[in-house]
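Labels A, B, C and D are assigned to the chains in the order they are written; within every chain, residues are numbered from 1.
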Amino acid sequence: MRLRASCFFKFEISEPTPFILMLRPRSGAHQWVEKEEYRIFPSIPVFEFTDSYGNLCQRLIANPGEFSIVTSSEVVTSNFIDEGFRAPFIEIQNLPDGVLSYLLPSRYCESDCFNDLAMSIGEGQYLGYNQVAAITEWLRNNIQYIPGSNNEPLSANQVRNKGFGVCRDLAHLGIALCRSLSIPARIVVGYLHGLNPMDMHAWFEAYIGNRWYTFDATQIGNPGGYVVLGFGRDAADVAVFNQFGPSVYPIEQNVQVEEIF
Amino acid sequence: MRLRASCFFKFEISEPTPFILMLRPRSGAHQWVEKEEYRIFPSIPVFEFTDSYGNLCQRLIANPGEFSIVTSSEVVTSNFIDEGFRAPFIEIQNLPDGVLSYLLPSRYCESDCFNDLAMSIGEGQYLGYNQVAAITEWLRNNIQYIPGSNNEPLSANQVRNKGFGVCRDLAHLGIALCRSLSIPARIVVGYLHGLNPMDMHAWFEAYIGNRWYTFDATQIGNPGGYVVLGFGRDAADVAVFNQFGPSVYPIEQNVQVEEIF
Amino acid sequence: MRLRASCFFKFEISEPTPFILMLRPRSGAHQWVEKEEYRIFPSIPVFEFTDSYGNLCQRLIANPGEFSIVTSSEVVTSNFIDEGFRAPFIEIQNLPDGVLSYLLPSRYCESDCFNDLAMSIGEGQYLGYNQVAAITEWLRNNIQYIPGSNNEPLSANQVRNKGFGVCRDLAHLGIALCRSLSIPARIVVGYLHGLNPMDMHAWFEAYIGNRWYTFDATQIGNPGGYVVLGFGRDAADVAVFNQFGPSVYPIEQNVQVEEIF
Amino acid sequence: MRLRASCFFKFEISEPTPFILMLRPRSGAHQWVEKEEYRIFPSIPVFEFTDSYGNLCQRLIANPGEFSIVTSSEVVTSNFIDEGFRAPFIEIQNLPDGVLSYLLPSRYCESDCFNDLAMSIGEGQYLGYNQVAAITEWLRNNIQYIPGSNNEPLSANQVRNKGFGVCRDLAHLGIALCRSLSIPARIVVGYLHGLNPMDMHAWFEAYIGNRWYTFDATQIGNPGGYVVLGFGRDAADVAVFNQFGPSVYPIEQNVQVEEIF
């Protein structure tokens, strides 16, 4: 399917403020960017670089006053996410070097704390895809998805204790559970067609059967329509905007995803 | 200045043909991509990756029949290229690690063969920028720039012997001369506003005074208006399309660059 | 100074166990490895790769039975660590791209939670080196360094609450405090000459004045004698051995560092 | 087999001379470095970095006077190189991204000039390993291997015209022939046990059947005993020493490889 994903953020800045943005989608095996627009108002110098995960990041210093970011992309992406029933667990020794770091605990995914829970959820499952599918199902049944319930990311431990969270929070717990079963897992941020309420979205991927599979505990069934902005170990790596100095929040923001033909 | 740079290529394909394209500009310190479009007809799977120089490359298999590529970008770039009068030569030991490979000879830049010529051209010059400016001036005076004169890249040795060449050929000789003075140099391919006749363009950069400076022996003065598609050691690294199997040439092509406001 | 740093680990393995080791020092600006030895008993296939931080890592599957690792290195390193009194804070916008990720919170360094403490410790200090020196001094005075007190890494929050920890734990708190002042900071693991009791060691580095400086709250004065095995965001990245499956601990281990002439 | 590979180079330096060395073997899937020694006399600062091929390189400035390098490594390597009879040609579209650059022509491998010869040599062969085996056999029969016959590298075109060359020259022609059949190929430098006369050695690898295979037209049969120092596109990338400024040649040198038990 072909989607147009757009976002608009307006900030009121009081002192020169460094930003690092992650708002430009990249083409890859998962999506093809046909058209793309990225504008900053007022126009100021922006420097783009690639981070260690391969994401395109934009650096700039916003000056005092109003500051807006407008992006829009037309992306070809799958109608359905791939299911991989019985895609096998990959033994540690057979994982590609670059995937190994997704086994380690990270800021919001304390995977070292979830052995027992992960074992009990995955019990009796065929090792690999089916374990992660069971984790995702467990999240759907045990952690309430409440959009807008938290502004700051919750760690997997916090999500488990609270019993609810935003998309990012559910992803953190899913990732922590996968890693504690020695399944590499990473967070993905981007857009999802049909998300309700519409907003930026986060989900996770697990490395099984020699590829990454998509999982999203906030959705039912396996609809597609995902547009990826960035990959990382958890939300600390993939903030769509990271700002330094006194906190600044958008005074206006808008996210839209529509199918185009 | 803000430029819209567009290209169109149409091929007639007789058997399934792998292509590697380098037609998506990246944002960086040198330019900011505000808008961009990249379409393939008929629509087929395309996979994008980053090569070891940081260029975005697109892989695909073109099927038999007509096959077209249409790209268009709106890019903010400098009105004038920076001049660096007396920007100093950087001693080898002070060059960043990643710059060192641009000192080595490469397919079309046999820098190991140009010591005497480079020494004589650069003689008496302040080491660094002024040497490269002298090389560029020497190219303007000694190698005739004849657009369309060669289809296949010429190496620096061949250019010197022939005495003429296309933009890419002059760049090869300029790069070889820089490297033989231990100045890192690389080719750049992309677009140039006002190029006559309009086409894809190639020029070179030299690393002096702790940054890359642009040089273009095909132009007089230091006009700006450059849009970069890729960097590399020479034309072997930065073909805007690289195709494997029986040779295929565009049956139609069109390149346009216009200023927008 | 020239040091010989050696380690010996013996494990009793009950089932085939994947290991990732980080026990081979690399030469760099900070140290030069003159001689080095790395043996596994019994001899089994080992594959080495470089992680995303540039560390050399060794992968292997240990078979059931006894399994030992013996390494020894002769390394030239500084007699004293560099002090950088008044080395300035680097504004975010001037940090190299590759350093930015060391500003983010990580598994054991919840830098998002330490703004107030970091501000109060660094208050009145010249921005940059002097702030980090104040943080290090604060750690010396407020967190008791008790070798062997914890087996598992503590996060910065946990260290602060407990009031004591091992070298790694103090480093985590130091890193979190630096990052909350927008100073990039990373953990370092390796050896320290004269450490008492002798063991593997961990300390931290902060990026100030356009370079990394070493800080170690467990030591007084600025003695040198450090041999680096790896860099990372925190202990999750730089385990000298990381083992998957049922936990395995060394049944014998020995670390030695001696000066050689 | 376990080999001890050693080299010794002594230079007489007349002015401060930057060197880049590639004399430290890395462990990988192909070899395991058990012990290693790398000394410079007189002792001066050396900085090690990893180049874009993953090779460990050492940078230093040699001061006027005598300057020596002594290295020695104990390496576990295969007794025989793998043969891959009928290992298949990998279609361009299925090659890993990182392998693609080994299809391009390079300084000493003008693969764009060898289509006809490569086609005639490979004619009738099963595509892949068997083609490269035929190329290697063709080299053995048509290009005389004369150790010491050239000091400077010859390009594939030059080797073909001369009809003889050193190990490096044969490798260049082999690589050019492979690439012109769309088979990725790279040069390897290092040591070979039993080489006669003993010296540094060069050979090549081709990417077939989803892995790299070793080929060496200077040897008969497929003996093993190879110790790798570096990989690259051709000799321009993998000089074991690269020196800048007025040419300097070793006044003494010695290479030894012996089996140890």
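As a working rule, a contact is a pair of C-beta atoms (placed from the backbone, for glycine too) under 8 Å apart; a residue touches a chain by one contact, two chains touch by 3 or more.
By chain, UniProt protein names: A, B, C, D = Transglutaminase-like enzyme, putative cysteine protease.
Remember, predicted model here, so these are calculated numbers, not experimental data.
Of all the chains, the one whose CA centre sits at the greatest distance from that of chain B is C. Centre-to-centre, using mean CA coordinates, chain B is 29 Å away from chain D.
Mean C-alpha position of chain A lies 36 Å from that of chain B.
Shared interface positions of chain C, i.e. residues touching 2 or more other chains, are given as 49-50.
Chain contacts in this assembly form a single closed ring in which each chain touches exactly two others.
All chain pairs that touch, listed by label, are A-B, A-C, B-D, C-D.
On the side of chain A, the complex with chain B involves touching residues 24, 26-29, 32-39, 43, 45-50, 54, 56, 58, 76. Interface of chain A with chain C (complex): residues 18, 20, 49-52, 57, 59-61, 91-93, 97-98, 100-101, 103-107, 109-110, 112, 152, 182, 236-237, 242, 244-245.
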